[in-house]
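Pasting a structure below so you can have a look.
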């Protein structure tokens, strides 16, 4: 998770957190705000160059701020620890509003990008995200998340060598597509000229 | 025409790289003829809005000559694009040699139009290059921000409205095929046959002109290009005439300044062949390549 | 404040936002925590039973808070309006830390040729490849393909006369550039030294 992706990010060198506006606490907040999987104090500390003790202290400060311990005005989100990992969630008091937004605001149709990604997974399963990205030529992280959320795909263990999470389609997917099992997926070949190059994509995947 | 001024001689990129990565590598730091021209202009600290293009002509042409030396590795349409620009620059250079006076005949007007068009295209390109630089820094800046996009908690995910699904298994397979279609490398070979610009050989055109002049007597450039099918042929014949002039087999007559130019054959009646012509436009002589130290940076602020 | 609860949607009784801790602003914040693509003020307003005007006001208040307008201490994240919608981002100063956790958005940098081609498409869309080639003076086939694969441009029908495929930029392009819509692209004119009539020349270019 915390491993580097090879695509040189903007500046690999560790910045001096204290010199940044908001300091180490804001840096911690920046990470917590965008991670999907909860991160432990150890992981957070490593990324920030801080001890887990210091991280826990900052986490508690953030919790107090979000809960409005001093101002009496809580924020709409809260910092929760789940099974040792930390992540920001919407505050539980607002569940009715969030529910309403989810129920009515979300489109009930898959985007073209989601459909294409699902198609790649269906015909190449079990397959890692990096491989799907390489085949589609775009980042598919958020689309994969949508498909997982929709129950159309599920995790299927990890790649024996790279350790990357693999994905497969679900029974619900078969049901929606209206087929009994994967062997009923129509042949791909007639649509695919030059299949021989497909292997090329494997080389692109780390 | 005299050969272009000498420039520092350095080896070019190996041709293998040129085929593998395409045009940009052939041109090293430049992404096209306009980019190169802008680079040369910047190097000479000239404002392209001033009529100063002729001053970079020699350097540009010498650059092209070295690119041509890479022969078949160079994509045809890209080469012809350079050739057209080079020819326009040659026109401008030739115009500088003419006595200045009022513009009278059609060829002069055409020449001015060619110049304006080249300026306009160059300016247009310069604007886009400026915008591209700005876009690049914005894209880089944005890449430093990461959006929050986390999975819905299970209790919310369960509330998502039932998915509307209208894709048949067959349509799904077609979608998969399209999504997994291998992305081929740049089509360096594909589609040459239907290109609007066929390969034009200066040497071949020189042969045609020589034949006509030897048998048909003195003729004007307008007559000599009357049957040309397209600009490239006209350009090639123009270059061919310059070559023939250098070989001292043709002479130009002009009754008065800006009067019509007549071309006359003064070479041997027979026993002359285009083999004697310099090969700089058509084939790849093993001449060592040189590289002008043009800055790829744009000249505007 | 209680002006417009009139939009109470069909499904469910709207909770009284004012009675919740943090009020409407915190409720808005709670919804911002669960969106995974930019949401418009209209969409947010519908979920909350508030008018878009009121939502925009609250969004701006949140922006000020996150940027530390009053406290001088910015948070580690910011709220921005991009590609027509609002969304929370980590603050760019913390990219080196955040990128250790998030691979998403880490796109390889575009080449100079790709940037120039993208610029031409952005300002001349819908536009055919031949026209882009004419402007750039080189063949753009492979660069256009790269931009398509990256999702920055898309096909936009064909030219009525020539039948050539036309290209336009995508919403993803706006998002990557951090702007709301195409009209926010900077003016091209200042880059054109003293040539107000440049449009005239367009016709000259094949």
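Residue numbering begins at 1 within each chain, and the chains themselves are lettered A, B and C in the order written.
Note that contacts are C-beta pairs under 8 Å (C-beta built on N, C-alpha and C of every residue); 3 or more make two chains touch, one makes a residue touch a chain.
What you see is a predicted model; the values in this text were computed from it and never measured.
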Core chain by centroid distance, with centroids computed from Cα atoms only: C
Far-end chain from chain B, centres as C-alpha averages: A
Distance between chain centroids, defined by C-alpha means - chain B, chain C (Å): 36
Whole-Å separation of chain centres (CA-atom averages), chain A against chain C: 21
Gap in Å, rounded to a whole number, between the CA centres of chain B and chain A: 47
Residue list for chain B, restricted to those that touch at least two other chains: 140, 143-144, 146-150, 152-153, 156, 183
Multi-chain contact sites of chain A, meaning residues that touch two or more partners: 10, 33-35, 89, 98-99, 102-104, 136-137, 142, 145
For the chain A and chain C complex, residues of the former touching the latter: 1-2, 4-5, 7, 9-15, 17, 20-22, 25-35, 39, 43, 47-48, 68, 73-77, 88-91, 93-94, 96-105, 113, 136-139, 141-142, 145-146
Partner chain A, residues of chain B touching it in the complex: 140, 143-144, 146-153, 155-157, 159-165, 167-170, 172-184
Touching residues on chain B, where the partner in the complex is chain C: 22-24, 31-35, 47-49, 75, 77-78, 81, 85, 117, 120-121, 123-136, 138-150, 152-153, 156, 183, 185-187, 300
Residues of chain A touching chain B in the complex: 10, 33-36, 87, 89, 95, 98-99, 102-104, 106, 108-110, 115-117, 119-120, 122-124, 135-137, 142, 145, 148-150, 152, 176-179, 184-188, 190-194, 197-198, 200-201
